[in-house]
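Each of the next two complexes has subunit A plus one more chain, namely subunit B in the first and subunit C in the second.
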Partner chain A sequence: MKQTVVRDLNEALRRCLRADERVYLIGEDILDPYGGAFKVTAGLSTEFPERVVATPISEAAIVGIGVGAAMRGLLPVVEIMFGDFLFLAADQIINHASKFPGMYNGQVEVPLVIRTPMGGGRGYGPTHSQSLEKHFLGVPGLRVVAPSHFHHPGLLLERAILYDKMPVLFIEHKLLYPLELHADGFAQLTVEQVTGNENELYPTAVVRNFRGLDVTPDVTVVTYGGCSRLLEEALLQLAQEEIWVEALLPAELSRTDFSLIAASCMRTRRLVLVEEGTGRFGWTAEVARTIAEKVCSRMTINMVSIEAPPSVVPAARDMEREMLPSAQDIVKGILEVMS
Partner chain B sequence: MTVPHDGSPGKLQPAARLEEEFYRQMYTIRRFEETVLELFSKGLLHGTAHTCIGQEACAVGVINALDKERDIVFSNHRGHGHYIAFTDDVEGLIAELMGKINGICGGVGGSQHLHRGNFYTNGIQGGIVPVATGMAFAEKVKRTEAIVAVFLGDGTLGQGVVYESLNIAAKWSLPILYVVENNQYAQTTPVHIAHAGELRRRAEPFGIFTKSLKAEDVMEVYSEASSCVTLVRTEQRPAFLYLDTYRLGPHSKGDDLRPREELERFRARDPLLQFADRLNPDIRQDIERKVQARIANAVKKAFEMPSESFGSYRQRMVEKGVYVQ
Partner chain C sequence: MIVIRAPQLNVNDEEVTLVEWLKEDGQEVKKGEVLGVIETSKATAEIEAEGNGYFRPIAKPGDRVRVGAVLCVLTDTPDEPLDQLFQAEVPAVDQEWQRESFSRRWTKKAELLARKYGINIEEIPAVGVIREADVERWAKERVTPAKVRDLVDDVYPDNRATRCLLIGGGRGAVQVLDIIWRTGQLRPVGIVDDNPRLQDKLIMGVKVIGTIQDVLDLYHEGIFDAAVITFSNDLTARARVFEELMRQGVPFVNVIDPSVRIHSNVRLGVGNVIIANSRIGACTVIGNNNFFSAFTNIEHHNTIGSHCTFGPGVMTSSRVIIGDRVRLGTGIFIEPGVTVGDESVIASGSIITMNVPPRSIVKSRVTTTVVRHRNQEKGEV
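Entry: the complex of A and B
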């Protein structure tokens, strides 16, 4: 059977529950037979009735409860049904979970994981389709992790739950759930999981579309999370046209070490930045700033950003499709920096 | 008559001794808070603080009903009194307020962000309530029999997350005591402008056991709080202790616009002075002298302590994994 993203996450949660009795899953509608709005927790409440806990619709309280439980020795995993609802718990994330360790002078840890699906493409409309993770980037003391289908999402989730002492916001793109994992490559695409050092929990997936060929990449693409599905289509198409791409997808969005990205665009001198969220002030803007500071002072980099324009995400299928970045937008962006 | 000593079931001590100890704690809190305001007025303290002058009976009465060895206290912006009643650590607290390296949070937290052992505070109204509720969840599933006491004010009853927490605590039957100190004002807003209905009954619709009283006599607060603590611990379910009190000092430093007559009326009923009148005058004087000397000494010592540089603090936090490089 093919390993899908949703099954990979589900198995990781089961492994964590089996491995450590301090692990608790807390969230709305996560019990069987429903098993969560996106089925990530399916089967878990049956196996662990005491440690999979259903809650009322109270995002602020359940994240707060996760924070308190984490400070008193549990390893709670809170599910927020849609990422759009995270703002109900923003005070808990910004002024509590990520504040306590630093403001108490390092005397406490908050090993909490908040999982939530983000992203559009399913016609859920303005308040159930957003990619809002950018608002939680730059919060000191908060880790933001967004796996793609080029990562091992379950492995990353397991590390967040069992080994990360920081509070982690774990972003799962809705459209990735049914996809097959391509963490070890697919067709002409090779995938390498790169970490800076052995303590790093969340690797950058480096995807190249020239398997077995002795060529150097023409373009660097940087993106994350759910855009991996668009990237895959774009890279396979460009391989037909003999345009060689090296794409980097950091799993940890809150990391500020962009040295891998800098090294790649110093080789290609061409950079395409892609994110699904509404652009401006986003994660790719931070990447661009760093590249401007570290690289552009030494050489010219041809750079293009692809992102959604500032707008609500329309519910209507064609309007939503027109708004959100597509594989063809990535192809166009790559051709643009090549010209 | 004898009553149980705080925190050590079975160990009894004479009521007179307990009253003296409670007076010592209340007077320590009062003298500490007055000292804080004096230091601010002389420009010797930086930042802000919220004092609990007039509310000492709440802190001492409730916190001495807890088991200080294992129970957890989560307090708010007005938390000096709770901290002193729980830890007796005047020295660490004044150093913290002065931003010194030996402060309980190295001077980083300051007045509103305290933590030592099982004691925590945060300066966001309401946000601490689900966190405290989550701590009660953890203690329950770990079967430690520890309980949590979380302190909130009348103003915080305007926050929705408080009711989310009450609902879940009742539904999950969590060992937590919600303590409301209604000091009649949210900063400058009197209760009657802010709230509809009866504050004392806010937890009743959730099926949470509620006790309400006027917190003028510390012995009465202690007795009622002890009953609540016993219920929460033995029945592993929440309780709601509602205390009517009055803040005799300003909200923070110099922002008091309340009518003079009202203040005078409450000053005449100052719970600390009423309690002092019940003690042997010699004993009372002895307690006050010792407390004054201790606080003066703590202030003097704190002045001599160094502060840490921000660079050194941040480096330590990065090494601990709190922040990324």
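Entry: the complex of A and C
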């Protein structure tokens, strides 16, 4: 059977629970038979009844328990059912989990993983469809990781749980769950997992739509997480049009390897930035700022950004579709920087 | 015929997996009978016959079927032909795009490239879809002239006038051609310019025969002996074009107005353009690929770098050093011994009295101040 993102994450959690008895899963409705709202924890409470723990509805308490457990030597993984509810635990994340190692001069570690689904496209309405990870970027001491279906999401989760000593906010786009993994490429798309000096655990997926062709890319696209599904459609379509694209999807948003992005757009001189959230003051804005500093002082880069308008996500599917970036928006953006 | 589609049982699912069919292909079924089992991300579910008919499966066990796509149909007879539509129901790519791409017979890349070259893509002969390579080939064929054998030059090649190619077809080319036509020492054989609208046009009798990309080919085809760059608006491009072509062995020639006075012991590089009434003082060293406008006065013992442009009326004093890729405006005075660093820009009307570090943008003005009244000097009231 084909490997899907949700199964990959589920298997990674199972591996971690088997590998290290310090690993605990904590969250709402994660026990069998329900197995979590998106089934990421399905089957795990049956195998590890002691270490998969259901909680009442209190995000602050869930993360708070996780912070305490992590400081006392466990490797807790907490699930926030919808990323939109992260703000109920914002104090625990911003003022506790990420601060303690610095406040206590490195004498404590908080190896906590907070998993949460983000993103729209399901008609869940304004408070269950947002991409709010940008509000947690720029918090010192907090790692924000967002895999795509061009990554190995399970592998990244395993590294976050077992090997990362920092608190990690692990963003899973809901529409990725049922998708097949394309971490090793798909049709004309090749995928390369590039690890930089700063991102040993969380590589950047470099996706190119010219498998086997001796061409140079025309455009650089930078995006992350759930936008990978839009990117795939756009890149396959543009390959028919001889528009060669090099897309970079850093898995880690909090400490992105900008040198890769800079090198790519110095070659193409064209950059399309894509994110599903409202764009202003977001991650792509940070990428644009860095490229402006590092690259635009030396050469002109034709740049376009694609993002949701600053508005609430509608519950009506048609209106939601109109608001959130689509594959055709990416195609249009790419043709715009080409023209 | 009854069409049974993959149901949306769970709002999160875009696809369901067909686990198994419980009926044989062509088997008669009654309304409400269980036909097969599907699996969503949350549960398995049975697929029921929505009416009576003969079971005809479309999806195969193990298939992931998009919600709304056809799982099976119930036909009125056991062997009636199935609509081809059901056999090939695949997730649709964007419909609007498909319509648009079916209506054109070239790729987007070809379209963008043709627009860049100013070519009407409809005119390009090609079998099937017009691709990038077809546009490139067409553009090249259109602008590259066939080599014409010259009845005199090719028989008596010695001491013939230097055949000169002008790079850039703007107003700089007009100034350079004005010099060439009045001196007669060079023979202009063509102009190259990246502007597609200039292709095949005549400028003071000289034809635009290609783009900057074509220079090397034109040289190898023996169309010209030496080149000169006539544009001065983009110094970076001017320097890049010069250096790339020099590296590839294309010779450059100086174009100097007959009214220019060059004094003793001047050392001059190649590719320089010196416009009317300029003067180069003794023992001055000048690099390559500079553009000196009218009335430039370079004094003695100066050192001028390469790829610089001088506006009309720039006056240097003795021992001035000017770096590479320096842009000087109109009417500038530079005091003795001053150094102007690489890639600096000096505004028109500036009076430079001190050294200018590299990459500076300088604007200097002398304000008028009455130092002392002459009447007071003479003791008058």
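We take it that the second predicted complex is superposed on the first by the 334 of 339 C-alpha atoms of A that agree within 3 Å, B and C clash if a C-alpha of one lies under 4 Å from a C-alpha of the other, contacts with A are read in each partner's own complex, and residues count from 1 in each chain.
Here is the rule we go by: contacts are C-beta pairs under 8 Å (C-beta built on N, C-alpha and C of every residue); 3 or more make two chains touch, one makes a residue touch a chain.
Remember, it's a predicted structure, so these values are computed and weren't measured experimentally.
Novice: Quick check on the subunit A-based superposition: subunit B and subunit C, clash or fit?
Specialist: fit
Novice: Comparing subunit B against subunit C, which has contacts with more of the residues in subunit A?
Specialist: B
Novice: Considering only the touch criterion stated at the top, classify A:Val272 as touching first (subunit B), second (subunit C), both, or neither.
Specialist: neither
Novice: Taking CA centres, what is the subunit B/subunit A/subunit C angle in steps of 10 degrees?
Specialist: 130
Novice: Check whether A:Ala146 is in contact with subunit B, with subunit C, with both or with neither, and answer first, second, both or neither.
Specialist: After superposition on chain A, A:Ala146 lies in contact with neither partner.
Novice: Is A:His96 in contact with subunit B, with subunit C, with both, or with neither (first, second, both, neither)?
Specialist: First partner only, subunit B.
Novice: Figure out whether A:Glu241 sits in contact with subunit B (first) or subunit C (second), or with both, or with neither.
Specialist: The answer is second: A:Glu241 touches subunit C but not subunit B.
Novice: Kindly classify A:Ile65 by the partners it touches after superposition: subunit B alone (first), subunit C alone (second), both, or neither?
Specialist: A:Ile65 contacts subunit B only, not subunit C.
Novice: Give one of first, second, both or neither to describe whether A:Gln107 is in contact with subunit B, with subunit C, with both, or with none.
Specialist: First partner only.
Novice: Rounded to the nearest Å, state the minimum C-alpha distance from subunit B to subunit C in the superposed three-chain model.
Specialist: Taking the overlay as described at the top, subunit B lies 29 Å from subunit C at its nearest C-alpha.
Novice: Which positions of subunit A sit in both the subunit B and the subunit C interface?
Specialist: No residue of subunit A touches both subunit B and subunit C.
Novice: Where on subunit A is subunit C touching in the complex?
Specialist: Per the touch definition, subunit A meets subunit C at residues 1-2, 6, 38-39, 122-124, 174-175, 177-178, 218, 233, 237-238, 240-243, 327-328, 331, 335, 338-339.
Novice: Along subunit C, where are the residues that touch subunit A in the complex?
Specialist: That would be residues 11-15, 41-42, 62, 64, 93-94, 96-97, 101, 107-110, 112, 115, 131-132 of subunit C.
Novice: Contact residues on subunit B for subunit A in the complex?
Specialist: 72, 105-106, 108-109, 113, 115-116, 120, 122, 124, 127-139, 141-142, 160-161, 164-165, 167-168, 171-172, 313, 316-317, 320-325
Novice: Touching subunit B in the complex: which residues of subunit A?
Specialist: Going through subunit A, the ones touching subunit B are 24, 50, 53, 55-56, 58, 60-74, 76, 91-92, 95-96, 99-108, 140-141, 165-166, 254-257.
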